[in-house]
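Once you scroll down, you'll see the structures, which are given as structure tokens.
Two complexes follow with chain A in common, the first pairing it with chain B and the second with chain C.
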Partner chain A sequence: MLSVEGLSVSAESVRLVREVSFAIAPGERVGLIGESGSGKSLTALALMGLLPEGVTATGTARLREHDLLGVPEGRLKRLRGRDVSMVFQEPMTALNPLMRVGAQVAEVMTLHGEPAARARERAVELLDRVRLPRPGQIARAYPHQLSGGQRQRVMLAIALANEPDLLICDEPTTALDVTVQKQMLELIAEVAPALLFITHDLAVVASICERVLVMYGGRVVETGPIREVFARPRHRYTEGLLAASRLTPRGTRLPTIQGSVPPAGRFPDGCVFRNRCPQAGPACETEPTLTGDGHAFACWHPGA
Partner chain B sequence: MILYLVKRLAVLVVSTAVAGVVVFAFMALLPGDPAEIALGVNATPEALEELRRQFGTDRPAAAQFADWFGGLAQGDFGTSYVTSSPIGPQVADRLGVTVTLVLGGMVIALLIAVPLGVFAAVHHRDPLGVAISAASQVGIAIPAFLAGILLVFVFAVQAQALPSGGYVPFTESPGEWLRGLLLPWLSLGLVQGAVLTRYVRSAVLDVMREDYLRTARAKGRGRMGALWRHGLRNASVPVVTVLGLQLATLLIGAVVVERVFVIPGLGDLLLNGVAGRDLLLVQGVVMVLVVAVLLINFVVDVAYAALDPRLRGAR
Partner chain C sequence: MPSHAGTPAPDAVPDADSGLAGSPETGPLIEARDVTRVYRRPRTSLTRPGEAVHALNGVSLTVRRGERFGIVGESGSGKSTLLRLLCALDQPTSGVIRFDGQDLAGRSERRLRFLRRSLQIVFQDPMSSLDPRMRVRDLVAEPLVALGEPVGGRVADLLDEVGLPASAADRYPHQFSGGQRQRIAIARALAPRPKVLVADEPVSALDVSVRGQILNLLADLVDELGLTLVFVSHDLSVVRHVCETVAVMNGGEIVETGPVDDVWAAPRHPYTRTLLEAVPTLEDVL
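Let's look at the complex of A and B:
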């Protein structure tokens, strides 16, 4: 349903995302994980056509029969909020502070042709669907009268309003309290059509996604079904990431990945991970390609 | 919201009273006795005493203040010690002219600043957007009276298209009224417009970085559509603050511009009063100007609450 081929994102001469390819089937839930600066959010924004000024995307991305890249803004905006929608990381600032919540939900429907009266009614239904208590009252509230978790539910209501084919969530629970996080994740898992879920939290991916893409240095370094990738990581970066998030016995040192993520444009040639990889050798100076069927990885010295 | 309004109103009333005390005290502290000014240096002590009794300036200051301030509340500004004519009607006449001048200048400033500021923000990377911000810098450096003199030189002296000064009441001839006010409006409006352009630009630039504009675009709005529907009202909150300050500045600026264009406004009345040592007249005009500034602040506070729901519950 969504297919992305050779997606690259660059700012001026710096390539921030390189040659990312993946596909999402109808109803499939795919996780996109990696550290900050790995290019996850840019990948998502590129698909939405919402890259910041001065940042451009190349490659192809198709959602059903619609091209998403290299298409004029006028055509893209008809898809946004109707065929593909997005929930952002920061619920506190994502809503207009001067507009009632109900109007902000209704707006996404009137924009795509729903009559105003019907949109207002449906806005309340949607607020109910994302399990906000007393949806009628919430619709008349302003964003500052709601909690972070409630605002994120409002964002989800906006995203779901036009029954899109694909929902993109960019760290939707990172800014929320742990107790609220879990409810939010369950809700997303329940209501999402096809889902692209971006996070750095491996446990979150494991709980709601079927497949995972691991990004590092603007590239997909490993991809496959969650269980396989998590049980038997092949790329050394994935391995390190999993080791770092595993619970360790009391008193032992927390495993970490040595070094830190280089700034954009300063990743090494060849394998992007080789300056931090304990297994790196001369072979790693050549760029490994993502190979494998189902469970694929880009590494010259894969783990067993 | 109602509680907020009541509070703001209370603040307005209290600050007006305080302003009354301050204005009165300053005028009372000034050296110079109205009776001496009226009768000159050769007056006999008996005649002075008699006149002071007539003016009421022989009474204690508190009684004089109560008299004056109580009169103000009913629109009675007292009777001039110099001309013996009531001050209230003069002030009322002149106030109308000055308010017309200031509001006209503000409208022109807004007509310039809002489109230019928004344009400069949206095109902040393009040469034209940069040029607008640079030009507005130049505008800030020019005082209104200089702009007035330049405008007179170009439109009245060179082109002879507009009168260089004078004022015709609207009721006598609307056309002449407009022609007479055009240059004064422009000289106030152009300068204030330049200042305001910069504030509008930076307010819009700030708003353009906000997450909720990205949300609006994610819903399917275009760049300009998102800015129009969600950005401008948010950007207007800081602009309203500046607008309030500027109205106060304009009021003061009008005093000078009225001189340049020979317009019988409050500023003109104030300067005449000072020149003729008409203390009670000066006191009245200053009080009106102070109250006008307080009223502007009150309106700005109410405008905040109308614009931003977050402020309605608070304070």
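Let's look at the complex of A and C:
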């Protein structure tokens, strides 16, 4: 349903995302994981046509029969919020503080041609669908009157309003408490038509997605079914990330990845991970390609 | 509302009441007894006062010397309020807080100097806790300067202790990554040789691959310097790795406290169980 081929994102001469390719089938939930600076959010913004000024995307991305890249803003406007929509990390900055939330949910429908009265009715139904208590009352509230979890549910209602084919969530639960996060994840899993879920939290992605893409330095370094990738990581970065995510008993050393993520444009040539990789050798000066069927990885010295 | 000022609580250590009467080397280092903090919302009516918010309700805890004490809770649980009170950045509405046997209530900033020297804080976000216009040298030396102590070669020693090169001293915070900035914040906190390090969500803003480095560093420093650690986090699994004892907070109260392994293995309070069940783990899927 969504197919992305050779997506690259650049700011002037710096390539921030390189040659990313993946596909999402209807009903599928795909996770995109990586640390800050890995290019995961830029990948999502490129698909939404929301890249900041001066940042450009090349390659192809098709959602059903619609091209998402290199098309004029007027065409994108009709797709965005209707065929593909997005939930951002911080609902307080994504919502308009001066507008009642019901009106904000209705707005995304009227923009795509729904009559105003019908949109207002549907807004309340949607607030109910994302399990907000007393949706009629919530619709008349302003964002600051709601809790973080409630605001994120409103964001989800807005994203689902036009029954999109694809929902993109960028760290939707990072700002939420764990107990609220759990409810939100269950809700997203239930209502998402097809999902691209971006997070830095491996345990979160494991609880909601079936397939995963691991990004580092603007590239997909490993991809595959989540159980397989997490049980038997092949790329040394994935291996390190998984090891670092497991908190060992008190008094023991935590496994770490040496160094830190370099700033954009400062990743090494060849394998992007080689300056932090314990296995790096001369072969790593040449860029490894993503190889493998189903479970693929780009590493010259893969783990067993 | 009972006032404990001047009268030791029944279960307090015997010589803990008077200000300077020798800090017992064996007694608890930090003690809170029945601490309450009530805030008033801004008034919305001319005739009625603003609504009272009970941020903390009868909280008691004891942190022993050398202990690694974790405080876990979600937003609104009162953990930040409690932390502010323990650091004497705010005063309780009622109840007693003692540090090293000395009552912190109603002291002027001048009479809190012993606390400022003995207790230092590392905050969650080093980008906002470090002045962007100060060089690392000055940031790390500032607590010493504020206490009127000689700086000497201490900055270089501290940077070395937290794993930063001496050349870092001449640079500004924005020139460092998140993990390195947190190292700077730790070096700064250690400058006055505190007894207690309070870490408020010190790894929550960091990437996973860096989180381990900072937690390992904290563990090393606490061991080497014989520090007492008060570690605040929303993440019980991080607290379990770092601390021996945990207090679980919810709705302005400590709902459960005890050895972290016991609380983890057999939570008694329903809220602790909810919290534990909500934490996503990799093991769930594998």
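Keep this in mind: the second predicted complex is superposed on the first by the 304 of 304 C-alpha atoms of A that agree within 3 Å, B and C clash if a C-alpha of one lies under 4 Å from a C-alpha of the other, contacts with A are read in each partner's own complex, and residues count from 1 in each chain.
Convention: a contact is a pair of C-beta atoms (placed from the backbone, for glycine too) under 8 Å apart; a residue touches a chain by one contact, two chains touch by 3 or more.
Remember, it's a predicted structure, so these values are computed and weren't measured experimentally.
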Report task. Look at where chain B and chain C land on chain A after superposing the complexes, then choose clash or fit. Result -> fit
Query raised in the report: Centred on chain A, what angle do chain B and chain C make, from Cα centres, as a multiple of 10°?
Result: 70
Requested in this report: Classify the contacts of A:Lys77 with the two partner chains as first (chain B alone), second (chain C alone), both, or neither.
Outcome: first
Report task. May I ask you to decide whether A:Ala304 touches chain B, chain C, both, or neither, giving the answer as first, second, both or neither? Result -> neither
Query raised in the report: For A:Phe88, is the partner it touches chain B (first), chain C (second), both, or none of the two (neither)?
Result: first
Query raised in the report: Quick one: chain B or chain C, who's touching more of chain A?
Result: C
Report task. Name the contact category of A:Gly240: first (chain B only), second (chain C only), both, or neither. Result -> second
Query raised in the report: Should A:His200 be classified as contacting the first partner (chain B), the second (chain C), both, or neither?
Result: second
Report task. Figure out whether A:Val261 sits in contact with chain B (first) or chain C (second), or with both, or with neither. Result -> second
Query raised in the report: Rounded to the nearest angstrom, what is the minimum C-alpha distance from chain B to chain C in the superposition?
Result: 6
Requested in this report: Across the two complexes, find the residues of chain A that touch chain B and also touch chain C.
Outcome: none
Report task. Using the touch definition up top, name the residues of chain A that touch chain B in the complex. Result -> 48, 50, 53, 73-74, 77-82, 85-86, 88, 90, 93-99, 107-108, 111-112, 142, 144, 155, 158
Query raised in the report: Can you list the chain A residues touching chain C in their complex?
Result: 35-36, 148, 177-182, 185, 200-204, 206-207, 226-227, 230-231, 240-242, 244-251, 253-257, 260-261
Query raised in the report: Can you list the residues on chain C that touch chain A in the complex?
Result: 74-75, 177-180, 207-213, 215-216, 219, 234-235, 237-238, 240-244, 260, 274-275, 277-282, 284-286
Query raised in the report: Which part of chain B faces chain A closely enough to touch in the complex?
Result: 125, 210-212, 214-223, 229-230, 233-234, 307-310
